[in-house]
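Read through the structures below before going on.
After this come two complexes, each holding subunit A, first together with subunit B and then together with subunit C.
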Partner chain A sequence: MATTPRPSTQRLWPRRGSLGGVAAVVGTLVILVVLWEGYKVLGKAAGGLVPFTEMRLRPPPDDRSMPHVWDIVSAMFEPARRRGEPLFTVLGSAALFTLREAFAGFVVGGLGGFGLGVWFVRSRLAERALLPYVVASQTVPILAIAPMVVIWGGRAGLPQWTAVAIIAAYLTFYPVTINTLRGLRSPAATATELMRSYAATDRQRLWKLQVPAALPYIFTALKISAAASVVGAIVGELPTGASDGLGRALLSYSQQFTAAPERLYATVVFCGLAGITFVAAVSLLERRLVNPGARQRIEAEAPGLMVAGAQA
Partner chain B sequence: MTTWRRSGRWFAVLAATVVLAAACGGDDTEGAGDTTATECDSLDEVRLQLQWVAQSQFAGYFAALDEGMYEDECLDVTILEGAVDIVPQQVLATGGAEFALAWVPKALVSCQAGADIVNIAQVFERSGTLMVSFADSGITSVEDFAGRNVGNWGFGNEFELTAAIAEAGLTDSVTLVAQDFTMNALLNGEIDVAEAMTYNEYAQVLEAVNPDTGELYQPEELNVVDFNDVGTAMLQDAVWAEAAWLADNEDIAERFLRASFRGWVFCRDNFDACVEHVLNNGSTLGESHQRWQLNEINALIWPATNGIGVMNVPLWDQTVDVATSQIPDLAGVDIGPDAYRTDLAEAATAALEEEGLDVTGEGWERIDVELVEGGA
Partner chain C sequence: MTTATTAAVGAVGLGKVFEGTGRQRIEALQDIDLAIAPGEFVSLIGPSGCGKSTLLRLIGDLITPSSGSLVVNGKTPHQARLDRDYGMVFQQATLLEWRSVRRNVELPLELIELSKAERAARAEAMLDLVDLAEFADHQPWQLSGGMQQRVAIARALAFDPALLLMDEPFGALDEMTRERMQQEVLRIWSRTGKTVVFVTHSIPEAVFLSSRVMVMSARPGRISQVIEVGLGARRDDDTREDQRFYEAITEVREALRHRQGAVGGEPVREATS
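Then we have the complex of A and B:
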């Protein structure tokens, strides 16, 4: 990234990829580790109670509930099964399995969300009629929908992973629809008038003006969706009885929590890594496709959007 | 249904009896017929819904599948693993599977709610539920629960406990505490007694390091109260099928039971090979934990009084007594003997006996399983 001779990129992303950026990420990690271990030390010193009260600290600061960071890391290099592979390869292949489901859902949800956005921008009626339902769809807890999707999918004879992908798609399409809608409406009135004066067709106006203008918005949504699709895939695995994947690993290792809590925490770390990997891949694609000026504009307009994905 | 029940006990009993007779009935007088398939023209496709992800609790079915025992019976069996929110008997009732495993009391509740299902094989004859406490607490019986904090899982897993407490007359003096999926509350001293399955949570304690000794917790440091001894045990894993489907497919059901029982006999007689089958079906399972689990599961099946899968009627009656006295949804319900049938399991065990297989396992004994830290 730093090698690309694009001064504008350097100006926009001054830290990314540079030593400073790496230091910031590592520094945050160190702070998190210190907070974790510090809570344990202070909590133990306070006898596991909230100071000056009889209330127990939650989570308890003992090693059984909060294993040491180094124990979590070393558990990754030990086999979770005698004579088996080390935990990180088990979790790595589970993460790949989940990412495949998430990617399928992401593609379907992304295209569907884009299609809906285009439809809404061309038809006020469709927007008025359907947008409330699109919004409502996102307030229905995924845990309520997932078992239904699984049962319907099973009856339709679909392979198990498709049910998971559908759930991932369900979490993916909404941000894309909303941001596509906004992005397609973002070109300045003068630009639209110019297209009209050239007698451009609707289709030409869409692909030559609106879509390019919407790309930064869409990519912002895609970054949110990338993280959401991983969440959707993991949550989707819980009621599907999936034979592999991070959701399955979470179930298994939560059952082993009493005896080996490090494994569950290691799995959580891999869930996070899977999300980061996916979002980073989308960011890379964005840098190739979106011109930096446009990206800067949307960052300035709605700074929160870029980080919203982390909360999805 | 709900309004009827409120309008009077008599109505409720009548309505429930009608529903049950219809739902859990089915003609169980007809024999299954002698259709021993020698060679297969085609394979019958059936699905078995488990209660949870692959583990030794279901070893017999995995062994039957991987050893080709289902294929030998001209069956193409798909084992559906359970997960969060999956209720096997509901999957059965919605046509998502031909066979499902379920605990008897939970299935009876589903029956009462209208599920048209029948128990065709009571595979586990004993309950695997324990109440575990530390030896130094001096709790050795239900009577000792008085004045203690007693953990339980809720969600229908607590009725053996509540029945035992009621029987001991301790309903007012025991503090029931919601217990999470770990045993940490017991280990941290937040509760005095914890609910545990012999084949899972109890082993988890023995796989954890005691911070005082630096070694794994030892069985001598723990006391257990076993509901099989208390007398409030309820029957657990059984094979259920939909009554309507069963009416036309008794032959398939009998072949399924034959192969499944063969799988369980295999797991009794070929311990190591059986554990391998289980491990091959889940990459996240620890070996020593699954060995422990199979040993304990074998103890729930063997010895099988009437042959594996054939209902032990006094234990069924005990289950129904506890269920109807403890489970609000079953209060006052008259559960008839047609909620289960023994003919299919009897025919299956008879066929296996003819082959010379031991279907009662009278001489079976636990093996020694060494647990390692974390159940690895």
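Then we have the complex of A and C:
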């Protein structure tokens, strides 16, 4: 709460329009491409074996396991089916579909997680009774839960995408609950006493002191949750058999892997893009809403704050 | 002499015990009698742990007494707090870092749901009072420690409390800034006529500011002596060279020494001025 440390100008996410940031991202991409292609060249030169041994390289450096980067890119512009749309529009609309499910789950999970955090901070009893179950809920693999949710959702007559959104929410709420709780408790004792000296009501204290103080913590969680909700949505799509999302694309292109490995890789790239897009959107919102001084102080004081987020 | 019932702050036989676990029962204050007149400036001084903050927090209804009675402006401290009779300033400025200087000063005014225009006008006036009008739109971290503390004072004065409670507000400041802040507080005090209860570790600070200095002793915390400073209401840099200023300092110092010898409390930091 004390405001002595002046925030440095360093940022976690590159500034919008900052050339340095864009250059760093592009540079990393170039390095990854060079590593990929370099592995293939050197691996082939070594006859597909780990040098000086008889062990086969994994993954094998051949074009069937690791297609050239340009083949992956050009596959995106070829029709996904005979005389159909190009692969990238197919994947693009699949990504949009999945992002919509992820977003619905993210909103529900985010609000639910925030609500639980507020409830816990107001009621020790609720915290003690429920927090262990909240933690335990995250040790159950999402792969085990997803089919159940889909089946129950189907029996209840819910549209398939809502079942997927529920699974995304399941991965979203946990980091938000933990960080909301932590953030609401973060104001210094003197700040709390200050509010008491003003005879502030509990509600005023919550909205004028605790929630603003918790915002940087909550956004840290939301960035984790944004990525996790995309993972949740993709995993949730697998048992639904829905034909629209990235989950379905992953399934069908992995069946075509021997014939056309580029398609699966292209799908993986789109899964990553979907996650990055979502996290970037949350970061933009964070930059508008969270005081940069507060954000950097909290990130500096508690690197361990990043609660373990996604599993699956 | 002010009686306990007409006083801005009146205490009779006031005591505070912190019940710890097992034998860790701490008798922080015992048998405190005091009467502070409306408009008076009173300092509390004493060794660390003698209960100065505890006494201030009792007055401000941040904690409740274990024994005795305490009256603030003819009411219970609880009622006084609900009536917004208190302006508090702590050692740390405790500004909300997500609010601009202006909005920090407006915070207490938002709580009483003053209109936007009224809030702006009041904040403006308070920042003017502490000479920070031109910093209204700065962020707290852009201000020096002394400026932050002045914002805290402006905020404490914002809803015109009858009583200003200050707990070592200048403890974290360097000596030069500290003297300027003392001057500032005196100016505000003479302009607003608030009752001020001021906790400090510095003897010159207590003497320079107060009409009376209450010297406390430790274990159990008590008021061991009350010293009338008698420097008059107008005080400036010349006051610090006044003969009476030195006499009062010596008087307070001896009161502290005397008690220390008797009770074996910790030494008081003797800030020079």
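General remarks:
Going forward, the second predicted complex is superposed on the first by the 286 of 312 C-alpha atoms of A that agree within 3 Å, B and C clash if a C-alpha of one lies under 4 Å from a C-alpha of the other, contacts with A are read in each partner's own complex, and residues count from 1 in each chain.
We take it that a contact is a pair of C-beta atoms (placed from the backbone, for glycine too) under 8 Å apart; a residue touches a chain by one contact, two chains touch by 3 or more.
Source: prediction; values computed, not measured.
In the superposed model, A:227 lies in contact with neither subunit B nor subunit C.
When both complexes are overlaid on chain A, the residue A:147 reaches subunit B alone and has no touch with subunit C.
Judged by the touch definition given at the top, the superposed model places A:208 against subunit C, while subunit B stays out of reach. Put simply, more of the residues of subunit A are touched by B, taking subunit B and subunit C as the two choices. When the two structures are aligned on the shared chain, A:155 is found in touch with subunit B, with no touch to subunit C. Comparing which residues of subunit A touch subunit B with which touch subunit C, the overlap is empty.
Remark: subunit C residues 60, 62, 81-84, 86-88, 90, 92-99, 107-108, 110-111, 139-143, 145, 148, 159 touch subunit A in the complex. Interface residues of subunit B facing subunit A in the complex, by the touch rule stated above, are 50, 53-54, 80-86, 91, 94-96, 181-184, 187-188, 190, 200-201, 204-205, 207-208, 211, 279, 281-289, 372-376.
Those residues of subunit A lying in contact with subunit B across their complex are 56, 60, 62-65, 78-84, 90, 93-94, 143, 146-147, 151, 154-155, 237-244, 248-249, 251-260, 263. On subunit A, the positions that touch subunit C within their shared complex are 1-7, 188, 190-191, 193-194, 196-200, 204, 208-209, 212-213, 215, 290-291, 293-294, 297.
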